[in-house]
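Reviewing the structure listed below.
Order of writing sets the chain letters: A, B and C. Residues in each chain are counted from 1.
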């Protein structure tokens, strides 16, 4: 989902990304790791034109950012629509999008946005303050991301090209929230006529426009000739004439199609194939870091998870390095916090060590000194990574006397069990940031009772979460989030973090300057084809 | 002629079958734990969002009311709207059925092209090396997972030799024939492995039957005996099996579709049931049932034509 | 010709059957097939004795290793010994293959024989049940059954049995329809044999051939169907070793670690060959008479 996603019913549809690894990439790719130099590198030899065909395990089911929960949906919509601001390519700061600049009042409550003169919708109409207000009001009233604008008091038109957003109270993450794709801008008349229903043919302002959308098969995007953002050659992005997003569920088939030249690229290549593909000259393998964390879910109201010592022992008994090596072929990074490593305010000093001796000792001191058997660990059926994690955890938890039975359950049944809190433990769920600020993630883990059934953080911890959400000084905010991460590690709330997974992309050799942000957004408008 | 009356009677039975099936599938899919609204909203589902969505999708109405709506729609040819894709189920069917039909027919044709000569040859060469080889072939293909065969075909003919496209179905008839060759062959080989054995045995049985022995005694040419007397009789149980397989193939082509990246009925049906897309499961099951019932009807009618001794 | 003589002598006489048993032993494919199945059965029983390692014990130091002296069939991604897993897997797969074939065979033969012989209301009723069952898409039915009952081995049996009997019933019914009008059947009735005796003694032995031969293929098809359920994660639960699940799990290794999908596949092929040989051998004796 736009803002984040945890666990997918389809399970197998893994979403990953990582740091750029490969030297295979052509000349134009040399600068990819350090984004800042990219523009320079691309200007020299860029070739315009051509259509890129790209495969995902599933293609977007919804093109209305208010009503989608799927990562693929939101990252593709990010190529079609935009809001006032957007996350920068490294997802570390907010940068101008439809607003070319903004100003903030001294009390931090009023934000004034100055709309970009060149910004036009796909149908050629200029973007006005009315469009912005209509879109944001819809997002504030409807859909899954209402919370993102919950503290907004008014959205007012100052003139055709100026909008003022007034808050009830300071919201540290307000710009990050506005950068979420749910707050994208659509023409006022489309917003009005769509109303509560779902937007199916979005007229956006992004670099690509929808030409054809065939459910569960493909989505054809054409270049937007009026896109406001200029490339280094002076002409507007995108370089490509279009992008075709295809649904290819079988991972091995994706790889073969790329090697045969039938596909330009694909995401979600099995980790285990990466070493071999790196050596294969028929394609280029690119990994990008992403704000994604895999974890085990445990329900704290059920024994033996009701004892914090047991939970601490469970976390200590997991050798995360082994998880990374076995389940992700060494590509992921062992987790040290519930917050994703490449995200803002991640605490590098937090730690989740492996210490079997201490784990056994904690078990002896716990309410369950003889361990416990018959614990059911469920996973969404068909999820390879969920199964791998479960099999690994089964052996490691067995060492401290917790006997686990693995049960694959179909994803929808598991979602229902989750919704009704009718489970003991779950493997294969993950969280992927859709918002660059950790505010939502932290709220969800500490304040929202659903994520951690039965987890009751101390009043102090809850107060810190609230303070961090309102703190406008980044340094003070960092201190708060640092501590919050340490508290969660000690409490071992309803999730035990395992590792941070990269996005693995495999491309034909002539695709250049492909880049995926840590939020998963592919910058197709900066991608070009060498032939 | 009572054949016409027979066919009319069978058509009536088919309607009954479809009605029973509609009731079954409707209630069965609602029996499975899981809820489309919860599935769609994922882990951040809040009770009020779930309620809102259930209302939007019409899932908060009493089940019998939902059933009445489904039946009334189906009778008019309206299969409702997909919860997940939010397009009419009928348009999903139009989008996916032709490819599946083409693929299955193609696989059947290839299977027949492999089965008839091999089965006949094996029977006529009984226990000689050719027969052994053909039996070996069939044992091998029966026992080999189609997923594996598919991938190997893609690697060999698609990537290494570049003779066929790797996945996709093509648009025109000629493209279909070309694009779907590997998946149809993968499917067809698996089917022909079972059918070849069956045909061989049936032919052997028929060869010893009296009328064939008589025909031989009368000195009729061997070719004519095989085509007129033997194949015609031997093909009966093979046709039964073929009929059974068509049903199996249409609904069970998921793995082939997945490996060859084909947007067919099978994968849509499986993802619909996994996603609790009730309308799609109901609609596709009905369409599938109509197809299979028609195929069976044809098989039964074919019996009558192939073997006039069966009274209708 | 030998077959015809034997068949001609079959009409209700005992000596013919004894010669059949002796004949069975003369068929090399039957003997080899039976020997293979017995061998596989022995492996299933003796798995704990013959397996060199614990099949679920993970040993990360030797993960994804090609076949070697220490691990004859290599190791999987958790460093588990693949030979041991395949040996233990025999227990599950043989059970799936046999139970999910022979129970449906019995049901199918019963239903098909009664239906084909008596015709009328009984036939109509059974045929309509079969029509509904067959018109239900295979996977939708399997997934739905497993989803309702919950995943696991026993429920997988139920699902495959519920789906499997139909093919046998249709096959037998089709053959009986033909056979009951043939001279020998008419003759048997004419000399006053009861229905049960006509079916059991005269019709079934003559028409059961294709069903039994098909059953031998069905053993493998059921193992593969179990594998398909494993693909969807609805079959045997990890870490229990099962061939289909092993193939499903090694999907991503098709191009990088050939031994992971190859050996479980080979195990299925061996079982397939064993039963096919039996089918071949039996088909010589169980051929339907058409005269």
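Structure notes:
Following the convention adopted for this analysis, a contact is a pair of C-beta atoms (placed from the backbone, for glycine too) under 8 Å apart; a residue touches a chain by one contact, two chains touch by 3 or more.
The shown structure was predicted, so the numbers you read here are calculated from the model rather than taken from an experiment.
When the interfaces A-B and A-C are ranked by C-beta pairs in contact, the top one is A-B. Ranked by how close its C-alpha mean sits to the mean of all protein C-alpha atoms, the top chain is B.
With centres defined as mean CA coordinates, subunit C is found 21 Å away from subunit B. Taking each chain's centre as the average of its CA atoms, subunit A and subunit B sit 40 Å apart. Here the CA centre of subunit A is 47 Å from the CA centre of subunit C. Across the assembly, subunit A contributes 252, 410, 413 as residues in contact with two or more other chains.
Touching of two or more other chains is recorded for residues 32-34, 151, 155, 274 of subunit B.
Shared interface positions of subunit C, defined as residues touching 2 or more other chains, are 143, 147, 231-232, 251, 254-255. The touching residues of subunit C, when paired with subunit A in their complex, are 57-58, 60, 63-64, 77-78, 143, 147, 150-152, 231-234, 237-239, 249, 251-257.
Within the complex formed with subunit C, the residues of subunit A that make contact are 11, 251-252, 255, 270, 272-273, 275-276, 322, 325-326, 379-384, 387-388, 390-392, 394-395, 405-410, 413. Residue ranges of subunit B in contact with subunit A, taken from their complex: 32-36, 38-46, 49-50, 82, 84-87, 92, 95, 151, 154-155, 158-159, 162, 165-168, 258-261, 263, 267-268, 271, 274-276. Contact residues of subunit C toward subunit B in the complex are 1, 3-4, 7, 124, 127-128, 131-132, 134-140, 143-144, 147-148, 166-167, 170-171, 174-175, 177-178, 181, 209-210, 213-214, 217, 220-221, 224, 227-228, 231-232, 244, 247, 251, 254-255, 261, 265, 268-269, 271-273, 276-277, 279-280, 283-284, 287-291.
Taken in their complex, subunit B has these residues touching subunit C: 13-14, 16-18, 20-21, 24-25, 28-29, 31-34, 135, 138-140, 142-148, 151, 155, 193-194, 197-198, 201-202, 204-206, 208-211, 213, 233, 236-237, 240-241, 243-244, 247-248, 250-252, 254-255, 266, 269-270, 273-274, 281, 284-285, 288-289, 292-293, 296, 303, 307, 309-311.
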